[in-house]
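Letters A, B and C name the chains as they come in the text, with residue numbers starting at 1 for each one.
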Amino acid sequence: MVRAAVIAAALALPLPAMAAPATTATPPRRVVSVNLCTDQIAMALAAPGQLVSVSHLAREPQSSAMVAEAQHFPINHGRAEEVYLLAPDLVLAGGYGGASVALLHRLGVRVIEVPPPNSLQDARDAIAQVGAALGREPEAAAMLADFDARMAALALPTGGDRPLAATWGANGYSSGGATLAGDVLRAAGFSLLADRLGMQGSGYITLESLVMADPALIVTGTPYPGASRAEEIVTHPALSSLSGRIVHVPDPLWTCPTPQLLDALALLATEARIAAGHPAGDTP
Amino acid sequence: MSRAPLLLSLAALVAVLALASLLIGPAGAGPVASLKALWGGEGPLGIVLREIRAPRAVLAVMLGVSLGLSGAALQGYLRNPLAEPGLIGISAAAALGAVIAIQAGVSTLGLGVPAAGLAGALGGVGLILLLAGRGGSGLGLILGGIAVSALAGALTALVLNLSPNPFAAYDIMFWTMGSLADRSWAHVLTALPLMGLGWAVLLRAGRDLDALSLGEEAAASMGVDLGALRLKIVLGAAAAVGAATAVAGAVGFVGLVVPHLLRGAVGAMPSRLLPAAALGGAALVLTADIAVRLVMPERDLKLGVMMALVGAPVFLHLIWRTQVGK
Amino acid sequence: MSLSLRDLTVRRDGRVVVDRVSLNVSQGSFVGLIGPNGAGKTTLMRAALGLIAAEGFSDLAALPPSRRARRAAWLPQAREIAWPIPVEPLVRLGRRTDPDRRADTPAVAEAMAAMEVTHLRDRPATELSGGELARVLIARLLAQRTPLILADEPVAGLDPAHQFAVMALFQRLAGQGRTVIASIHDLTLAARFCERLVLMGAGGRIVADGPPAQVLTPERLQQVFGVGGSFLPTPSGPVFVTLPPPPSSPAPAPPDPADP
């Protein structure tokens, strides 16, 4: 099975300090998540009582799609000391754990690092990886099956004319091809401005370049409370003079492998149909 | 008199630079196509020219006029060539005022933020006059400026760091170095009323500043109302610098470099320096804003970086000369 | 009457610097204001002009600033010039309150000629020697063409020829019906050119007021300045000279208020 292979690869590859290789005879009983994406996957998959803490970001409406669920879990700030004192037998971390994760390793805590997803495939892999780490493979499989069913129902375009789209954020930040948002846009049927400009990952696009590209769709995120000059570019009047549509996709929807990821995909697939000139062709 | 030719050539220089500013940008269209697009051209290039580059060029002129004029007026009033809104902390104080207003929820497109910039600038000018005194030594002025700048800069950083908006902290560079990138006509309209008020007040102070060249006592004996003059300079500079900073951040050295370069050409008389410094400031800011786009077209290189490269050597030269002069 | 002061008193930090000075100066006179350092000469003139707060009455200080500027010109002691302004426009600054614009150019030319600075007209004032600058600033004073001139140490720092020239000019202006009040440290010059001397003593009071021969008596010189002095006959008339104090002289005593 693909999934088993993926899990094996994920477990074997980047984690030399993992104390006990995941034979998972006994599932972990005290799991602490210190990363927004692992928070949300773990909350979706964990057995009652298995997850003892999630990161503070899980409760932030600006970043988390599961704010309500996160209220049921004590939060942490990812610092080694506070995590260690929770006496976890498993810590779920993102790819950028840094010094705190290194310290937890040295203290003998079992840490699994789940790299942040940069594609829909990564998102699937992360769900499987967390499911395996928690000993909740059936739940993970069910979640992935649901994922697949919803994707199939969207009847996503496979080829043909791909209208141009770009995400547009503070300071002109735009998602590149090798990001989850970029992959979702592509899956929805768009081509990416970042790809056309030859950008590898995400990066900054000047307002002029965006206007000159005249994309069919500009996707903006949720402005944060308390204004910033960096975000003013998102509402620059030049954008509303363009012919393309501007839609708003809240960041939490497509930051992590959550069921809401498919909501974002559905919304953008509709936009792709509008841009290609066949609006309202909803799910068959 | 060489007055009219000098002002005319400065105005022509501003016009040429403004045109150049319209033609430079990452869109990379040719000059003819760009100018055609400017006059009612449809499509993206027209939008770039009319909605992005035109307000940027206009704002560069407004910023330059505000800073050049304020620098010349403050120098005339304090009788010190080092008095410059950026160096003596007025810009930093204005930025603090604007930042507090924005974080308090005041819309950046109304008059509220420029007004808060004015309020901050007033605080800065007040502190400077208190610390350095009128006609005070260059040392007192610069030390006072360092104190005000440091305090205002720290408080600005604090306010931005306390903001619930994670991008606010990224804005620290903008507020301390200034930038005209991606401004819109809304910013032009927002800043114009207070800036225009400041310009009008400062330009009218010229004759009094002339008399003040002979010292306060002589000026007072010649009929200068020193209290009214101080009010004019403080309010005029605070309005111009406050509104300019509210939309473009704190840009230093313009008010130092421009009067320094033009003083000889106008015979050092403050009333003649004022309009020349206004136009010269516009030319300098336009040049710097063109330069930041030529050096790093894809990035928002801050205006203050360019100005410091030009301004800091002039500043050092002036300090050296003031010290030698003693 | 060109200037009228009544009981003018100036306090600084609670200390009386000018004490109940009453003075009337009539049109066409050249009055020398003399006295030791710190006697309050400068403060008295500033208060008379209304440049500093004072109790009592000064007809000049009672005027609004622009009208006062047309009535009286003031030469401060500090020869301050902030910018390298050329001489001609600097002298022209004196014209700022006169509504008669056509008089500007002749007034400036006449003032520069009187102070012998016409040849410096295009030189930046900051590059001039101290004496040259002093003459330029007096030219600014003259260009104001006011009926009354108040000057604080106008001849300090000038070479003897220019000292004589300035004093002679003031004397001539008085002869033409204008009024000049100048503080002067050089008693010889004051006695020679001024028709009236006002002597101020410590505490800011007027000690004596009258023609030079009446004011500069040996007793008063001893009392106020701590020096001797006397008028000597010379080919060009009597000349006042200061002399060392007599060997047994006591320190200068406070001025006698009973003195006129």
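One rule holds for everything that comes next: a contact is a pair of C-beta atoms (placed from the backbone, for glycine too) under 8 Å apart; a residue touches a chain by one contact, two chains touch by 3 or more.
Keep in mind that this is a model prediction, so the values were computed, not measured.
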item: Separation of chain B from chain A in steps, with touching chains one step apart; value: 1
item: Central chain (distance from its CA mean to the mean of all protein CA atoms); value: B
item: Chain centre separation (chain B, chain C; CA means) in Å; value: 44
item: Inter-centroid spacing, chain C versus chain A (mean Cα positions, whole Å); value: 86
item: Partner chain A, residues of chain B touching it in the complex; value: 25-27, 43-45, 47-48, 51-53, 102-103, 105, 108, 163-168, 170-171, 174-175, 181-182, 184-186, 249, 297-300
item: Sites on chain B touched by chain C in the complex; value: 76, 79, 207, 210-215, 217-218, 220-225, 263-264, 267-270
item: Complex contact set, residues of chain C against chain B; value: 46, 49, 51, 65-66, 68-70, 72-76, 78, 80-86, 89-90, 93-94, 96-97, 124, 137, 140, 144
item: Chain A residues touching chain B - in the complex, by the definition given at the top; value: 170-172, 204, 206-209, 211-214, 224-233, 236-238, 241-242
